[in-house]
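Same chain, two partners: subunit A is paired with subunit B first, then with subunit C.
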Partner chain A sequence: MRTKNVVHLVLILGLLSVLNLTYAQDTPEVSEEGKEVYEESCAHCHGIEGRGDGSAAENLLPRPRDFTRGLYKIRSTESGQLPTDQDLFDIITIGMPGSSMPGWETSLSANDRWEVVAYIKTFYDGFKESETPPRQISLEGKIPYSEDSVEIGKVLYTQFACFECHGNLGRGDGTSAPTLQDEWGFKSWPANLTQSWNYRGGNGIDDIYKRFIGGIAGSAMPMFEDPAFGLTIEQSKRYNELDSKVEMTESEEEEYNQLDEKMGNAYEILDLMADGDATEEQKQIYDTAMKAFNVKSWHLANYVKSLSPEKQPEPAIGKNVLRSQYTINELPEIADAAWETLESSYFPLVGQIIVEPRQFNPTIDSVNVKSFYNDTEVVFLFTWDDRTHNTEVEEDEDTGTTFEDAIAIQFPVKVPKGPTAEKPYFLWGGRKAVYLWQWKASDADKVTELTAKGINNAEAQEVQGDIQAKSEYTDGQYKLWVKRALKTDDKKDLQLESGVFVPIAFSAWDGANGDVDTKRVISSWYSFVLEPVPSSRRFIYPPLVALLSFGLLVGLRQFVRQRNT
Partner chain B sequence: MKTKMLTCLILLFAFGFGLFVFADSHEKEEEMNKLVFPKAYKSTTVKDGGKISGVVKFEGEVPEKKKLEITKDPKVCGVTDKFDESLVVGDGMALKNTIVYLMDISQGKDFDKDAKVEIDQKDCRFDPHVQIIPVGTVLTMLNNDKATHNVHIFGTKKNNTEINIQQTKNRKKMRLTRFKSKNAEGPVEVKCDIHGWMKAWVAYVPHPYFAVTNEKGEFTLEDVPAGTYKLGYWHEACGTNNKEPVTVTVTAGGEVKQDFTLKLKK
Partner chain C sequence: MKRVSLFTICFVIFIISWVFLEFVMGGVISKPIPSSVISMYMALILIAILVHVSVEDTRFREFLRPIHETLVDENRHVRRIVLAVLIPLLMLGYTYSNLAQKANPPGDPRDAHPSPPLELTYKDEVIGSMQTVENPHRHYEKDDPEKFKSHVENGRRVYYQNCFYCHGDHLDGQGHFADALNPLPANFQDPGIIPNFQESFFFWRISKGGPGLPASGTPWNSAMPIWEDHLTKEEIWDVILFLSDYTGYPYRTFGEGH
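Presenting the complex of A and B:
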């Protein structure tokens, strides 16, 4: 009897010890179900213990979040505060665009998602320790979107120093961009604000506002305070004007000192408020300054909103297919205003993950293309965003090796007859060869013609045809201009004819992202067409046909009448 | 029947133990690079306390000083040359920026209320490189540069919230009142992301017996109540002595000398 009891006791203790180990914490509200769902759906990336080290993690950038430090990027709460349960639920539901985190709305029930929320909170003690709910960001005083507000926001974008990381035009190409890392030491890129479909926390104006009031935890994105606290928009503009002056007149200096003092005073009050030591008068100054800051922040949010189209553009198929426009004039040069008259066609790019080495974490989103042709030549303008301008191979012990940026435009050697005819393999050909234009940043005004029969089987053509190329890189964007004759004597070249749909595909390399050889971004086949010349004959034939049919009808009527009589 | 059950039990235990060891190895590795704190600390008046002092030296080949590449704001940041500060070895192999501290003191003096808890951002460099912060004390950040910085103090496992706040050139002094540390922990990394080379460390500590070595490698811990203590160190590049702390015995009013010789972390 006694031995039985001992055995039972040992058994219970053993079970308890195992249970203790498998549960990170014994939080009563965490159910077995939450753990089960987590381990089945989340642990592959986020790890069994929530460290962000699941089996798939190594290949992902941004890395899956490590839940053990309570750092959540997308929050409705102030800087340094934990997210609300609703924040966590929303991210699980919607996912994080531009990252590997999918939305789970269709694959997990709402109940399961709430269970997961409860479970991931057990990975960080802070959730248990905090006595008060996290402080939420107030959305009061929101300023409606307008052109005027965008204009004001544009000035504030510089004053708030957003450009340091996000670049002058918001393409994520700021001078601090190349060295940014997250708190785990992994490379992290500032958002390209012109591509709002990749904003991790959504592209609503409220979302944007919350990101810079609350910061993005674990990343380089800080919370922002007013860079000219206590000053109105007009005053802060004036302050910056005076500040950048090499020499000030006496009255200007006086004005500057006054503004400087006002600002310094307001900053002091900010600290006093945080300590709870401010007088009534100081509180009033604080309130006024905070209101001005909120106004500035909403203008800034409106400006960021204005930088990107609402949605990712439709890819270049169907009605959006790339149509090269005929012109009787000279073809435009790279900086010609004529390009502004065309809509560009959008070709989304994805990481190449078929052949080793692969690119799982692409940084180039897409390439935009415009084209003109005349009776003898065709010209293309390729535009794509790249945060860094890499023209050579660089070894850097902190950021790793950097390669040069490049792009390749791919065509078949022979245009397949009809839409169902077989095209060459989309990854640089196979049995059927492809014809390529390859451009590299180290030789910025040159395009090399290649023939390829596979991604690792490309050769520069022995006879390089007369292809003109020019390129430029400004504010995080490449422009490549390429001009060639419609017809050439080289059998290895593509020959172009108006009205024929020609397959086209792209490969691009961002050197700073480690892209080289097969590690690149690609597209599958799209097509383009030299839009047939609007012919003057349309003014002759249709009336002629109409006239003839009318004549025939009259004749027929005459004939029928005669037969009847 | 019974033997079977026993075997099952043994297996179960073995499995449990295996899991335990596996789950713990991660944590342990991390803990080896952190400071060790007493379970509790009570501040009292210390009369006739002793003193522990010494010099920390570096042993081994001193790597060539790594000059930092100034990739931003050259007019502000590039005026003086800057070097990587993870290992600063001075004359006579003196090792700067080593934390020397008592690991297991449970009662002693209170913090010096007048001591400045500040980090200056000057010439795009944090000064000091290692700052001790009493738990719950507000850190003050100075900006003496005509440049915008962001003060980024990493989030931690022990519920000391992440701080990442922009400090523009207009804000000369910023008290991080909203971000008080809650638990003893550290050292924790400090960075400016805008100027990626700017790095420093803070440690949130529960008692005042912490010292950071100066350029001569010297440290002093004063007003230590008589007793026997474990003396620990932490250095960014050389690690800790958590596995083998040194034991020192302090007598009333006496002075103990304890030097250290540190090698690069493997």
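Presenting the complex of A and C:
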């Protein structure tokens, strides 16, 4: 009985997968409908002729894809190959996370999406000309995720020089990050690998692996090269070991030369393979080299996977509201281990597109905040990712003018009382003033108090209070530590009180992204609270209540018994 | 089989009601129910149960029987001890969790529909009365469909150059800038938005943005820009045409002949 069911299930699943496969290959003929859907839903970004030059394109980065060159970033196919129809369908369905391309699953029927796939293929003749289907990337030999594999991947991350663009810890802060351009000459920032929710083609290990093997066509990461192609991980480790030796013994020298030759051979064969001139023997050497390369890529994929949490943190609203924790101890310094004991509150930031000049393509996407307070002072730790460390205004022919990095933390001057009270305008105030802490990278251990009544109407306070600040920039991340007294004598300052929810908002500037003045990233109002110390009554009342209820039960029993007799 | 006692029935009804209010009802109306409302309902249910069991003397005695037995019967010894431990423990836990609760952020009571001013203006220029101004490009829909289409197309351009960052590619309020905003940008696919307002109302909200909201019904906390600073009158009217053309929802109209 049971086996029969299993057989049924297998049959059904098998049938489903076959159906899915045929459906995938069965892309409809190009139709008027596909054109119509494209022009209604896609053309405003991708352009009527598919050149990626729709009316909205200019203010988008990454730019909308130009379909006329057949270069597709997210494919399940090998390097240099066109995508499969299913690849195109999936991108339309899921979208490109972290870019302005949304998923269309809810607003276009599956049929419409297939029609669009057929239509966008007409923009590139290569689709018509190719007779054989594109070669799919094989996932054979997948190495399961493990600590060991991650360790190996970490070494390979350095060997493959991934850090040059993606930075030491993967925050996209490598030294070449500011200079990268895509195939069309547009700015191309390397991915921040610590934000897996923004990986365009998904954050599964298989997805990451496919990006390595297939490359991300048209981007600054089109191909993925192994500097030790032809060698296994052990061999390349040995090769590097020998390479760094000042003096080699004779046998070592021989070993070194052998490895060197092996590598040279593999590279040569790579060219022969591309021309189709390789002999059987050479093909075998190639296969072995590719296998070693795939093994490395799996380890590397596992390492990249380890760099990021699975999901984007929840924004600091509702239950996640930023709570400053009371401590009887000294407030922690910037590098104190005490910070590790707190959960971060996550505040997403977006481009300021209200007042000119505007920022349509922000590079800073969030700030994380932690806070402690004691009876007299409060301390905050603000952490945000910024791929570049800009401490001054710089003119550069290649990258344009860069400005200094900065952040400002905004509070109302007076906390609005009652649920219907209006907060000051979220963009640096209006009729009602806001109180700001502004930090700039050029003066890294200082915070200036501002009062503002509008984004272009801010002034440093004449009386600067006693605010301590320290900051750090390491591996693509800023840390800013700010400490202030809860109460001050200055009427223009915010006064803090335990248990009161205080509106808080942020502005941040990435100088390398051209951020200056109103061109910046912003948030709307959130709130934070100095979390009241839990009352000590919580240890006194509950036992009393328990005792009382027990007493009542006993009393009730006595009462009933007496009445019975 | 033993009959289920009246007390057990009442007890089960009470628990089911609580579970329903606490965990189910919130999902049905897709809003959490305030705890004070739940307490009120539970009190009503308790009173209803007590009234029901106490109208007849025999029924009341039947209701009390299990309590009575548990309290004094010799062969209910185990149950008595278990309850004598369990009830005080529950009370202990309940009081503790109430006292140890974290501070609750203030809710944001928000009037979804601000009342518009009497006069519709663009910058300082008076366009007319909020009640009667119509979209000057609307009549092309009948008179000159080609021209109407070109206005919708212009509206589409305006939308994707300015609005879609927040209001989204699908006009559903889920643009790629939306997640930093609180409240979230308006969702034009919501059937309660476009059909409830005249085009003049939309013109007002677009041209004056968050800062143009009235002094009553606060806090608005709207991040909507003042679009008359960036867009021409024609562009605003065109984007209004586009919103309804894309979503398929007609705007609210007044008077005859619409």
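To be clear about the criterion, the second predicted complex is superposed on the first by the 452 of 565 C-alpha atoms of A that agree within 3 Å, B and C clash if a C-alpha of one lies under 4 Å from a C-alpha of the other, contacts with A are read in each partner's own complex, and residues count from 1 in each chain.
To be clear about the criterion, contacts are C-beta pairs under 8 Å (C-beta built on N, C-alpha and C of every residue); 3 or more make two chains touch, one makes a residue touch a chain.
Just so it is clear, the structure is predicted and the values come from calculations on it, not from any experiment.
Touch criterion met: A:274 reaches subunit B, while subunit C stays clear of it.
Contact with neither subunit B nor subunit C is seen for A:199 once the two complexes are overlaid on the shared chain. Taking subunit A as the reference, the larger set of touched residues comes from C, when subunit B and subunit C are compared. Of the two partner chains placed around the shared chain by superposition, neither subunit B nor subunit C is touched by A:384. Of the two partner chains placed around the shared chain by superposition, subunit C is the only one that A:532 touches, whereas subunit B remains out of contact.
Contact with subunit C, but none with subunit B, is seen for A:350 once the two complexes are overlaid on the shared chain. In the superposed model, A:339 lies in contact with neither subunit B nor subunit C. In the overlay built on the shared chain, the residue A:223 is in contact with subunit B alone; subunit C does not reach it. Residues of subunit A that touch subunit C in their complex: 41, 44-45, 54-56, 59, 99-100, 102, 104, 106-107, 315, 317-318, 321, 323, 347-351, 353-356, 360, 416, 419-423, 425-427, 430, 499, 501, 522-527, 529, 531-532, 534-535, 537-538, 541-543, 545-550, 553-554, 556-557, 560-561, 564. Touching subunit A in their complex are the following residues of subunit B: 5, 9, 12-13, 15-16, 19-20, 23, 26, 71-72, 148, 150-152, 154-159, 161-168, 170-175, 177-179, 182, 189, 193-197. In the complex of the two chains, the subunit C residues touching subunit A come out as 68, 71-72, 80, 83-84, 87-89, 91-93, 95-96, 99-100, 102-103, 105-109, 156-157, 159-162, 164-165, 168-170, 172, 174, 176-177, 179-182, 209-211, 215, 218-221, 223, 225-226, 229-230.
Those residues of subunit A that touch subunit B in the shared complex are 7, 10-11, 14-15, 17-18, 21-22, 49, 51, 68-71, 79-81, 124-126, 129-130, 160-161, 164-165, 175-176, 178-181, 183, 215, 217-218, 220-225, 227-229, 260, 263-264, 267, 271, 274-275.
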